[in-house]
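Worksheet: one structure, shown below.
Labels for the chains are A, B, C and D, by order of writing; each one numbers its residues from 1.
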Amino acid sequence: MTAEFVIQLLAQGTQMFMVLLVAPLAVGVVRRVKALLMRRQGAPLLQGYRDLSKLLHKESVVADSASWLFRAAPSLIFALTWVAAALVPSFASGLMFNWAADVVALVALLGAARALLALAGMDVGTSFGGLGSSREMMIATLAEPAMMLIVLTLALAAGTTRLAGVADFFIAEPLAVRVSLALSLIALIIVALAENARIPVDNPTTHLELTMVHEAMILEYSGRHLALIEAASYLKLVLYLSLLICLFAPFGMAPATAGLGGWAIGLVAWVAKLLFGAALLGVWEVSIAKMRVFRLPNFVGVAFVFGFLAILLAFLSRGVVE
Amino acid sequence: MPDLFVQGAALGALVFAAALAAVVRGPALAIVYPIAAVAAVALGVVDLGVLLQGGVLTARLPIGLPMIGFHLRLDSLSAFFGIVINGGVLATSLYGMGLDRVKDLTPRVEPLFPLFAAAMNLVLLADDAYAFLFSWELMSLASWALVVARHTSIDSRRAGHLYLVMAAIGTMALIFAFGGLAGPSGGYAFDTIRAHAPGPMIAVLVLTAALVGCGSKGGLIPLHAWLPLAHPAAPSHVSALMSGVMTKVAIYGFMRIAFDLLGPPAWWWSLPPIILGVITAVLGLLYAVFDGDLKRVLAYSTVENVGVIFVALGLALAFRANHQDAAAAVAMAAALLHILNHSWFKSLLFLGAGAVLHATGRRDLAGLGGLIHRMPRTAVFFLIGALSISALPPLNGFVSEWLLFQSVLAAPAMPQTTLNFASPAIGAMLALAAALAAACFVRVYGIAFLGRPRSEEAAHAHEVPLIQQVAMGGLALLCILGGLFGAVIVAGLAPVLTALVGSGLPNSGAGPTPFSLIAFNAARSVYDAPVIALFVAIASLTTLAVVHRLSERRTRRGPAWDCGFPDPSPTTQYTASSFAQPLRRVYGAALFSARESVVMPPPGDTRPARFSVTLVDVVWATLYARPGRAVLRLSERLNALQFLSIRRYLVLMFAALVILLSIATVMT
Amino acid sequence: MNEVYDISHLLAGVMLVTSFALLYQERIASVLNAFAAQSITLALAVAWAAWSQDRPDLFITALIALTLKGIIIPVALHRTVTRLGIHREVEKVVGVGIALMVGLALTGLAQALLMKVAHGPLSYASEQLALALAIILLGFLMMIVRRNAVTQVVGFMSMENGLILAATGARGMPLVVEVSVAFSVLIALFVFAVFVFRIRERFDTIDIEALDRMRGDRR
Amino acid sequence: MIHETYQFVVLIPYAAALLLVALPGYRTGAIVNVVASGLTFAAGLWLVGGERTVGHYAIVDEFNIVFIAINTLVGFTTSIFSASYIGHEIETGRLPPNFVRFYHAMFQAMMGSMNVALVANNIGVMWVGLEIATLITVVMVGLYRTPQSIEAAWKYFILASVGISLAFFGTILIYLAGQPALGEGVPAMTWSLLEAAAAKMDPAILDLAFIFLLIGYGTKVGLAPLHAWLPDAHAEGPTPISAVLSGLLLNVALYALLRFKMVIAGQPAALDPGPVMITMGLVSLIFAAFMLYQRRDIKRLFAYSSIEHMGLIVFAFGMGGPLANFAGLLHMAMHSLTKSGIFFAVGHIAQAKGTQRIAEITGLSETHPRLAVAFALAVLAICGMPPFGVFASEFLILTTTFAREPWLALLPAFGLLVAFGALLMRLQGTIFGEPTGAAHPVKASFVPIIMHLLLVLTAGIYLPAALVAWFRRAAELLG
């Protein structure tokens, strides 16, 4: 019992550590792929780690008008994102604390991080901060209903909202590929793009005021605070990639009782899938242009429509099955 | 039975306090708040005892209409609501104790405060239609008087008028509801009603009437219009009571009728509450997001929360009609928990708004800002309230939200296609509401408390007295504890759940930890707030430790960067209106006919450019303004009858006579 | 029995004819004359009832009808009209033709209503009653289709004639005399008011100029 | 001798009227007036406590005793109110002192006549009593001799006279209907006998009679469209008379109507009076509710409110059945007490502000807090707010209507809500806001208004079982 407990605890710790470790790499892959496709040299794959390290070693400048909230927010945001990322089954489905938060709670944890970030953006009292915060919250109102529909489809299929349970279900029934799930996948990808401030919703590399969202909120941050926020955004990317993998490509994932060997295989598979996903993201980002902010409802609306269609089709197929 | 005596004594104390305050003047008026606080504690303790120990207390007083009597009954449902109410009364009384004894007290408010509290408690105790409506209307009347306390303001008077008229409409609807339940023979006692379930036709009418009656008091759109006017018009601690607590009494009324008196439900009863609830939830928040008055935003947010609760109740009805007890329990638990949670954080927020109003003298967001520096404690409490109401974990708002989503996720398991197809829409709209709530409260908090002060008053705000901080702090603490230990609260609600839907949630032993909240079963859905909070705490402490060790620790203060063009004027900050702009563009055009217009003078013209926004409240325009005008126009037309000549009056008389005679000729 | 019935029926019929005559008149003086004729007929009818029903007290009623309504009031009103100098022409709201048509319809209505009364001891009374009802309705009609105060008063008095006719037609009804006296007082008040307030035109314009402006609640 | 108690409620007022004609000086007159009214009230109470009798001349049963009790009580409180009120009117010179002797005598005569109408066991005597009372109020309405009051009195006089005539024709018809069964003479005009013999009467005559009675007495009840005299008479007469008109005279007329309804209900072949009463009640209720919005004179406002409530009461009796009849009786009692209380308050207000124009009455709660509270409570009471008795009666009327005819119940509810909107608007306008204009202190007595409010309050919270049992028996008599 105790040995088992320690092993389980270690596995959970591994996941927490792994997501943190892989995150900058995944971002590096995205950037690298984009650079290569644009025929640029591009930064090295490990540039993410260097960025963080650089930021950590710089002095932090805090605006005069900032309050304690401004300084406390980065570590909280980071912690919330990190915990959320650690709760998504990555290499194994039955990790020790997977049960603590289901997919609804997971989305809410990210929501809490987002709200804190938006508040932090408004703390200094500049026009850019407010601009970023207001747009961020608007995008969230578009993405969350779509996310809810996706969750509903999954819950309908798997009969549970625990991510591990959904993953187990799809591992057990790999052939259950249905149109509804395909639609959900597209919807989830769109939501993930919106949530991670990726093109076409936002451009993480620009500081053009008309189009900024995420960057506008964190404009006043520097030094270690900025490092934490950047790290949090890396983690979020990993989280969503893991989520996509967990839900739609769970093959290779170790079941709860797999033991060390199974976990090792699962870990390799997960990292591989993650990096592949990151590469795909890079390809996507170079092949599409950033949208105007107020065209976003249409774009994210597609996710909503697909999510809704997915459910209706799921009802239909259930009707056929029964 | 002795418990009922305690309740009676506490209610008596409240009435006594009201009577006392009606005769004393000046600082002595402050006496009502300690009395109200003590009475609230006594009432709450009795309620808690009844809730935890189970059992039903009844009494019959020989007052009221003799053929009905005045039946009192304290069962688990009313005990639960009693806790909600008296918690709010306690907090607002504490806040009231911090009011300035010279400036703030007035015989227009203090005598009515305990009366209002007593009336709300009496509604819960009522066990016959007369006692119920009597207390209900007394509650409206007392709160009306509180709304018009600032009687020299035309806004207060308008709000009061609209409020009491809407309350009267609601009461009329409830009179119908109880009339239908009681039947032609007049069995007004709830026991009699329970024994004789009405037929399906009557049940529909009763349900509709109950929805109108309770919806108008609770603020279901389109019956909400009074609420954002009346709640802010009252003194802040009364606003807290009206918004945080009185709306719950409305919900109690609906639950009492729909789940207790009306007998076994049909599945489609659930549709009106769900549809109205969903509309209310989303529209309420959109109203809130577009509004620029702190207290009105909070009032609109109350509208939203009432909508959410009605959705949960509707789902519970549907599940119950389909005999899916576990799912019904989840939906009902969501409703009950949200009722409790909302009473906490909405009271907290209104008290916070009161603190802001007291400190700055303004409640328009355009004049606030930077209060986190001048009112640090209030800012912390308000932040907790804002995050709670945005349904963010690990605070309490999320617990009920989570349960609600779980019940929506279970809706496809019902056999009715309508409900199946509705479930994704419900889920999506609730998610939209949740996201909008976050946006709304980020906006409120960001504009009012963060940033830089936008007015002199805000720049010189001051913290409120300690006792008021205690009131807010207590509520904030409840929000945190309720978030962490929601499972414990839900376990405590088991008697209510069993009484209303036949079963409770799985008990806490079924989950991985004693504090796991479980919907259906542990394999299906679990939310364990303490574990997550622990994780977050560990993660942030680890982060802090690591960052502390690894990083450069120096921090420098300097002017804001702002892309290199910082402007010292606070007017360059984002305002409440500009924050709402993205949402207005996305949602406002269709629902509010939002129009933005820019007047840009040509180069060389020295006039300033002007930007203006117009929003049209379609509900108000069609359902309030138009009928109001119609009544006035019709009354103008009819008024001609006041100025007829005597001969014409004789013509009327003659016509009446001849018509009646003709009818008598035709009829046999 | 039959001649008793015939005679009272005849007199009631004559009264109805005079009611139509009231509506028909174009000049106030002739209206007053027609009214005097109706009142005298009433006095005859009441006297006949008093004799046939063997109720001597009804003779008082007959006497009042004859003296007050048959003679004094018509004469007084004649003088008033002359003295106030109000137009001799009857001011009409609707024309004579229409008024007569409506009157016919009302008479028909009264008949139709009392046709439904079961045959039996009531049937004699009911025919008398139908005539009385018609007279009342015609009097009422007179009040509302004529504008002049004097014609309106006449309309009211004609209504009252119908009432007395009905009351005396009801065999053995107590209090008829008292009531007829009471009505006479009422009528006297009416006429008195016309004198005192110098009502030139119609009921609505008591001769106080302000009244027309400020009737009721108008600003 | 004990069952001749009824004589006192008639004789005391008439004797007092004679005495008052002889007495000079308004102070003595006022005192005698109060004492006489008090004695009448005591006699009324004695009658309530005594046994129910049906005599040759008089009838005292469970039904009319309700009316007698209200009548003598409100008469008593109004006499107290008018003592101080009229004193004030003389001081301000609105009334010449020599009119006051006349006023008090008339007041007693009017009370006596109403009591005659109530206790008489004869439809003719009742008619006479009611008409005398009406004619006296006509004179009282014209008391101020302003052009407005004379016009109001004149309008009242004409419309009431026509109403009198029509009601008399109805009375003749009832006699004719009763004659075959009861024989000629007095028996066919006796309430108690008529009610017993109703089944043998000719239905067609009864139908006809009821129409005339409804129009005739309905004019006095103030049912629309026969109501035209009522608002002006209330507005232009002295306030105590407004209180008596609204609180009592309307009731007495209603009493007559209901008695006849009881007779007609005894003949199943006759047309049911219910639907007609329901229709007229609703028309009055809704019409008056709309009229409230355009009122500029505060007394006229509450006069229309009386029309509205009489409409509701007639509606309730039209619905019939034990519960609705009970509610109708209760509402009638509550309306009498509350409305006369409101008129007392309005009298104070008019004297305090020196005007009856609503627009010129503002901010009373600042200048006259007690008066404002009393007025507000009274208006809220008449709007059917708890804890007052009107709430109880409206509750019963509406619940029972809804239980029987759900769709029909919407109409009275609509009317009441429309009326509530208007009354609340006026209430807020008068008691709230910045005070403007004159603000004289109120010297008149608050005792009557407090008494009325206390009674209405008590009725809302606690109705003695004995009272209810009595009302229920009365309701049963109504069928």
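Here, contacts are C-beta pairs under 8 Å (C-beta built on N, C-alpha and C of every residue); 3 or more make two chains touch, one makes a residue touch a chain.
Note that the structure is predicted; figures quoted are calculated from it, not measured.
Between chain A and chain C, the least number of touching-chain steps is 2.
For chain C, the chain with the farthest CA centroid is A. Measuring from the averaged C-alpha position of chain B to that of chain C gives a distance of 68 Å. One simple way to say how far apart two chains are is to compare their mean CA positions; for chain A and chain B this gives 35 Å. Spacing of chain A relative to chain D, judged by their CA centroids, is 77 angstrom. Distance between chain centres (mean CA atoms), chain B to chain D: 44 Å. Counting partners per residue, chain A has no residue that reaches two or more other chains. Counting partners per residue, chain C has 113, 116, 140, 143, 203, 215-217 as the residues that reach two or more other chains.
Counting partners per residue, chain D has 154, 158, 162, 166, 207-208, 231, 294 as the residues that reach two or more other chains.
Here, these are the chain pairs in contact: A-B, B-C, B-D, C-D.
Across the interface of their complex, chain C is touched by residues 124-125, 127-128, 131, 135, 147-148, 150-151, 154, 157-158, 161-162, 164-166, 168-169, 172-173, 175-176, 179-180, 183-186, 188-189, 202, 204-205, 207-208, 231-232, 235, 294-297, 300 of chain D. Interface residues of chain B facing chain C in the complex, by the touch rule stated above, are 642-643, 645-647, 650-651, 654, 657-658, 661-662, 664-665, 668. Of all the residues in chain A, the ones that touch chain B in their complex are 16, 56-65, 67-69, 71, 75-76, 78-80, 82-83, 86, 97, 99-102, 104-105, 108-109, 111-112, 114-115, 118-119, 121-131, 133-135, 137-138, 140-149, 151-152, 155-156, 159-162, 165, 207, 209, 219-220, 222-224, 227-228, 293-294, 297, 304, 307-308, 311-312, 315, 318.
Residues of chain B that touch chain D in their complex: 62-67, 108, 129-130, 133-135, 137-138, 141, 148, 151-152, 154, 157, 160-161, 164-165, 168-169, 172, 175-176, 178-180, 182-184, 186, 188, 202, 205, 631-632, 634-636, 638-639, 641-642, 644, 646, 649-650, 652-653, 655-657, 660-661, 664, 667.
Chain B makes touch with chain A in their complex at residues 369-370, 372-373, 379, 383, 387, 390-393, 398, 401-402, 405-406, 408-409, 412, 420-421, 423-425, 427-432, 434-436, 438-439, 441-443, 445-447, 450-452, 512, 516, 522-528, 531-532, 535-537, 539-540, 543-544, 547, 550-552, 554-563, 566-567, 570, 572-575, 578-583, 585-587.
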